[in-house]
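Listed next: structures, encoded as structure tokens.
Two complexes, one shared chain (chain A), two partners (chain B, chain C).
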Partner chain A sequence: MTDNKQKTNLTTRRGALKKIAAGTGAIIGATSMPLLGRYSQAHSSEPIRIGFQVHRTGIGAAYGRWYDRTTMAVAKVINDAGGINGRPVEIITEDDGTDPKRGAEIVEKFATKHKCDVAYGTLFSHVVIGSAPRAGELKIPYFVVSEGHHVASGMLNRYTLQPGITDVKSQVQAMAPFVSANLGKKVAMIFPDFAFGHNHRDYFSEAIEKQGGKVVAKIAIPPTETSFTKYFPKIPRDTDVIYHVMVGPAVLTFVKEMGEFYGPNAPQIFGFIDSLEAVDLASPGLEFLEGTYFWEGNPRYAQKDQSEYDKFYRKAIGIDANGASISDSKDVSTYAHMFGCWETMFTIKDAMEASGYQSPKDRAKMIEAAEAITTMAASNEHPQGDKLFNGKTHQVFGKQYISKVNGQKLEVVHTTSIEDGFYPDETDYTKKPF
Partner chain B sequence: MDLGPYLLLASMEGAVQAAVLALTAVGLSLVFGVMRVVNVAHGEFFMLGAVLAWWIAHMVGGHPSIGFMVALIIAPVLTGLVASVIDLTILKRLNYDPESTIVATIGILYILQQLVLMTYGADARPVEAPFNLRFYTPWFGYSYYKLAVIAAAIAVLLGVWLVMSKTRIGLILRATQLDSEIAQAFGIAVNKVYAIVFGAGAALAALAAVLIVPIQQAHYLMGADPLLLSFIVVIIGGLGSLRGTVVAAVLIGMSDGIISVFFTPTLAKILATLLVALVLVFRPNGLFGARAA
Partner chain C sequence: MSKGAKQWGLHLGIIALLFVLQFILPAYHHGNLARIMVLATFAIGYNIAFGYTGLLSLGHAMFFAAGMYGLALTMKFLGFSAATGLLAGIVSAFVLSLAVGLLALRTIGVAFMIVTLMFAQSVYLSILYFGKYTRGDEGFVIQQADRVIAGIDLSNPVNRYFAALVLLSFCLLVSLKLIQAPFGRVLIAIRENEERTKMLGYDVFRHKLASLMISGTISGAAGAAYGLLFGYAGASFATVQYSIFPLLWVLLGGAGTIIGPLAGTLFMFYLIDLLSEITSAYMLIAGVVLVLLTLFARQGIMGEVRKRVIRWLP
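And now, the complex of A and B:
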């Protein structure tokens, strides 16, 4: 059930039997023919197989649904324009249940069973950290769309890259000056208790101290938690700013209970939109967010100065100006993150084309080609905006958006520069062997 | 925050949890007490109640309170019917053999969970509270709805107690609990009683879920925690003892609320599980449990 291919969405037993029968027939037919010269021709028109590791179930399911839609949309755009190196792209989807152990198994399945050219698409940082070592061992390029700092920190390996979305360290560093200048110096942080949240805790604390601010409380909440009121008394009374970032199925409860707890007497609130990804800002109980600020990786609501690229991107996936599905306005997207899938797919295409990728034996050449990429200009391929890729750390850098809630919509009030997110390299993957 | 208001908030959080837990655990305890079936799928009936509540509230439309009230009645009834059908088609055929029913209910757990995943999806969806009122102390704000949950749970528990102790059906249930063979000899249709009890146990879990779903959200994996906590409560209170279950639910819920607020939620879970171990060592039948018949 979790194993399906883009072209044949439902694998029935009868369908599978037919395919096995057809496959067996083809093998018998082929062996009775002279093979020389046929293989290379067949090979070049064979699809490029991209193994898509998706959080279809588990705590990352809302993201998974939209990562899936984005991936299918971008694959269609690429295929309509002639595919990669003239070969069609085939997406092979596997659900990892947002579970690191299952993640590693799936990477292995992509490499050995499905014969994928690359693996791609993982979001949750603990799943990335669990899966990447296996990708390194199997020498399959692994393109993650995760935000975690573990790629750029040097913790992973030469086969793991993050070219489509910026990492938490870069994001929070770009946010700290705005928070300390506009909202206050004494910050209480609420974050999920796993790698991604720890990135927030460590790098934001560091960044706000450089701005003369101080983190007065660090409140870690398990991502599977369902009830949050008990955590709020830990926020000191003299806090200027509450900094919140939460993930998991209960994010709406988290934000609602924060509103209940504080009512009209809340300190300033600065959140990462992760706390409300896939949630309608007009949900009852969220009225208190009016006038508060959010980081957005990509603005959910179409802005006044919306680019042509953003229009193209929204249309291709089927998203309206409020960031919801055009077929169901209650089905709100994970707009601040999923552009990473779109852009990563085009980077895979660029790297494959630059290296003349033909088969898995060219994987090392492809990684080198990806490492050689530097600038990515805002375009239909990169609708979120200009980016700079650092081949040494395998991490991309880009602009960040700060939005204010106004009339239950998010309005961008500040866009950082790419340079705001720069930090010194912590590793050089290009010096590591393949 | 000063100690006083801090303690007040912790107690209210604990009381909400205790209320929901008591309802859920009484359902589990009822099923075990009367049928001697350890229902591992109990948490999934809880989840089913929440998911059905979302569906019903979504279909009814209009003011949120209408959808919620309809869900409050229909979701437990539907869940109860599903459970009764499961009892008649599966558990009855296993002759309520203790080991087989555990394995069967584990299977039912997965079937229900996957069915909900396939139809309802993997998202957490909110049901609107029937009213959206809060009160503010100088230290914190609190939702009136949460207080209403406590009141509703107390009312339902009183109802269950009245039914069990004052009505004919309660008499039949107690007779079956004491000795099902003798009860059968006295002309009680034990199989029918079992189907009703299994349905009622599931309905209580579903009712608890409908009450909690405006606070939390309906999600296909939400059954795990209530199941674990219900088992803890039922073991501490004594299997089959309604009074013990309620006392243990208040104990666990309140201590969980207070320890979570003052220390960490993890410590609360550690202490609850430790308490189970201690109870099993020193009072194997629970605080209020009678020796199993």
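And now, the complex of A and C:
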């Protein structure tokens, strides 16, 4: 049996008292005032049910495993602190197989079978885009942790929000000034030949040109590719910087083959850590990465100036200073992304508490409360750092980290400002009907 | 009662049952059944080629995707309404099935499987290649406001259910009529013994081409309807997985039976849905169940019913 219905609230004295109170209420209700009894029981002690759409199988499984662990940890933290509006949080987990069709079915299941208050946690863009229409139709708030630009682009609907992680457009835009000023102007891009890679290609090309740079080669690699050596000769000889971002099971092979191709004479290399998420940087064959640079959404290795918030966050999930599980040092986390789950859960809590959320009939009020959020200060609730939320576009903006490989670890060498990732609004969801 | 009357009675009864279920089912199963009916239509299309004509295609996802993108792209870029978009989707699948049929039907057996698989891969990779328009694997949303035909909002659960029921009923009855007609008898003859059918003077190629076109067009209608009713078009629906699904649904339900595709789709949908609540290895268990069914119920669910109980089942 899996933890499909993991109730993370432990049996405590408070919990026991609530259950007794609920039971008493139900008995009174059943004998004298049945409707009122049911109403008060449902609103006072029933858990807040959060439907967690997880990539447990399929291409997103490595991310899903750590999104799962983060979600269970943050739910426990929230429950230990009294829950949401005094009610415990219950996480209902369903695997979407990283498939948009199944994703839409799961959202339906959360809304109509499990009677969840909100749906949450989706990462891969195609699953979000496939699922979001059903969330909008079923009028269930849908909090995604995806990085995709789909939310801020205006493609989705009023019920879909991304308050816990920045989007690709913002991320690559914030990288361009550093790349241009420190690594070089002529950039060769290697990216997966699907929408995620195309977003990198388009947004970074635009951003680097604004910095006076130029993309000299755009090398798209098919998603089914398993050997990459034939692509490296396409990189022009006068390239200053190789920009790489890869996703999927072949990422380690890709990075290793890049090292074998160039040996010690590689141009500057700048990658998105997506290319090595959940992969140990000390893996054999990755030695050539020494001195190269990576974007990180959140620094995997505990830094010298590590915040108290990051310490708290790592401890709660069970992650060591190298970004691996404390129970297995080879089990490396997806640290650059999974903080989005943690922070999104606290945003759900804030929106529910600000709107006085009691039941699904308050969902519209909850969305409005979320849209009214503007600042999120660095804290235990937001360990990645300060953020600004744009209620109109339903998208959060935050700092980005650029790290250099030093002794097979990542050391942060530059932190962008939040404003580096700003771009003009492309939609205003607040004007769309519920 | 004649055999034909019994057959019509049974299938009209199933449609009536599906109509009545609309008023009984809880919301979750109501939504599931709407989805199952559209997917079963896809399987009905596949069954005409595979179950009745013996054409084992491994590329029917291309027809489903042709319908889906024929609808979605014309609505997005040419400003088609939902109704004309639906028609465009069906026409796209019709044209594609004609083109694929003319080429692929020059082969038989394993070669036919491989050629259809390759064509389907070409369609899938084309969707990725033209990502500027199709948004590739990510896909795009067909906005709720655009999913309206004759003032009927197809994103409404009741309307969606009826639309799926109308589509399924039409394709179910068309396939029944087809199989009862002399044309259908020739298809079955081709499946049983192609050489003998040829020797009897039938134009086997033309019959196989017509069968594949009807099959592809129904599959395309299902794809277009899926996009329209659920608001999304994406390349994942063109992957090989979506060529295997209708094969499984038909094999499970009973190849060469009219209601087998519906039974197989229903069974497989709930098998995965329920197993996924128990274990993350749900596909493994689904695989074991499929192996067991293949070993002990070789003709599928409705095939066994025909063999043991209702011998007049078409």
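The definition used in the following text is that the second predicted complex is superposed on the first by the 395 of 434 C-alpha atoms of A that agree within 3 Å, B and C clash if a C-alpha of one lies under 4 Å from a C-alpha of the other, contacts with A are read in each partner's own complex, and residues count from 1 in each chain.
Following the convention adopted for this analysis, a contact is a pair of C-beta atoms (placed from the backbone, for glycine too) under 8 Å apart; a residue touches a chain by one contact, two chains touch by 3 or more.
Note that the structure is predicted; figures quoted are calculated from it, not measured.
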### Task
Examine A:Lys109 and indicate which partner it touches, taking first as chain B and second as chain C; both and neither are also allowed.
second
### Task
Could you look at A:Arg56 and tell me whether it touches chain B, chain C, both or neither (first, second, both, neither)?
both
### Task
Could you tell me if A:Ala132 is touching chain B, chain C, both of them or neither one (first, second, both, neither)?
second
### Message
I'd like to know which partner A:Gly213 touches here: chain B for first, chain C for second, both or neither.
### Response
neither
### Query
In the superposed arrangement, does A:Gly148 touch chain B (first), chain C (second), both or neither?
second
### Task
Using the superposition on chain A described above, determine whether A:Pro383 touches chain B (first), chain C (second), both, or neither.
neither
### Query
Given the touch rule stated above, what does A:Pro163 touch, chain B (first), chain C (second), both, or neither?
neither
### Task
Could you look at A:Gly121 and tell me whether it touches chain B, chain C, both or neither (first, second, both, neither)?
neither
### Task
Residue by residue on chain A, keep only those touching chain B in one complex and chain C in the other, then list them.
56-57, 222
### Residue ranges of chain C touching chain A (in the complex, touch as defined)
26-28, 30-32, 35, 125, 128, 131, 135-142, 144, 155, 157, 230-232, 234-237, 273, 276-280, 282-283
### Residues of chain A touching chain C in the complex
1-2, 4, 56-57, 94-95, 99-101, 104-105, 108-109, 112-113, 125-126, 129-130, 132-134, 136-137, 148, 150, 155-157, 193-196, 198, 222-223
### chain A-facing residues of chain B, complex
1, 6, 9-10, 13, 17, 64, 117, 121-124, 126, 128-129, 132, 134, 136, 140-143, 215-217, 219, 221-222, 225, 257, 260-261, 265-266
### Message
Looking at the complex, which residues from chain A come into contact with chain B?
### Response
56-58, 61-62, 64-65, 222, 225-227, 229-230, 232-233, 237, 249-250, 252-253, 260-265, 278, 283-285
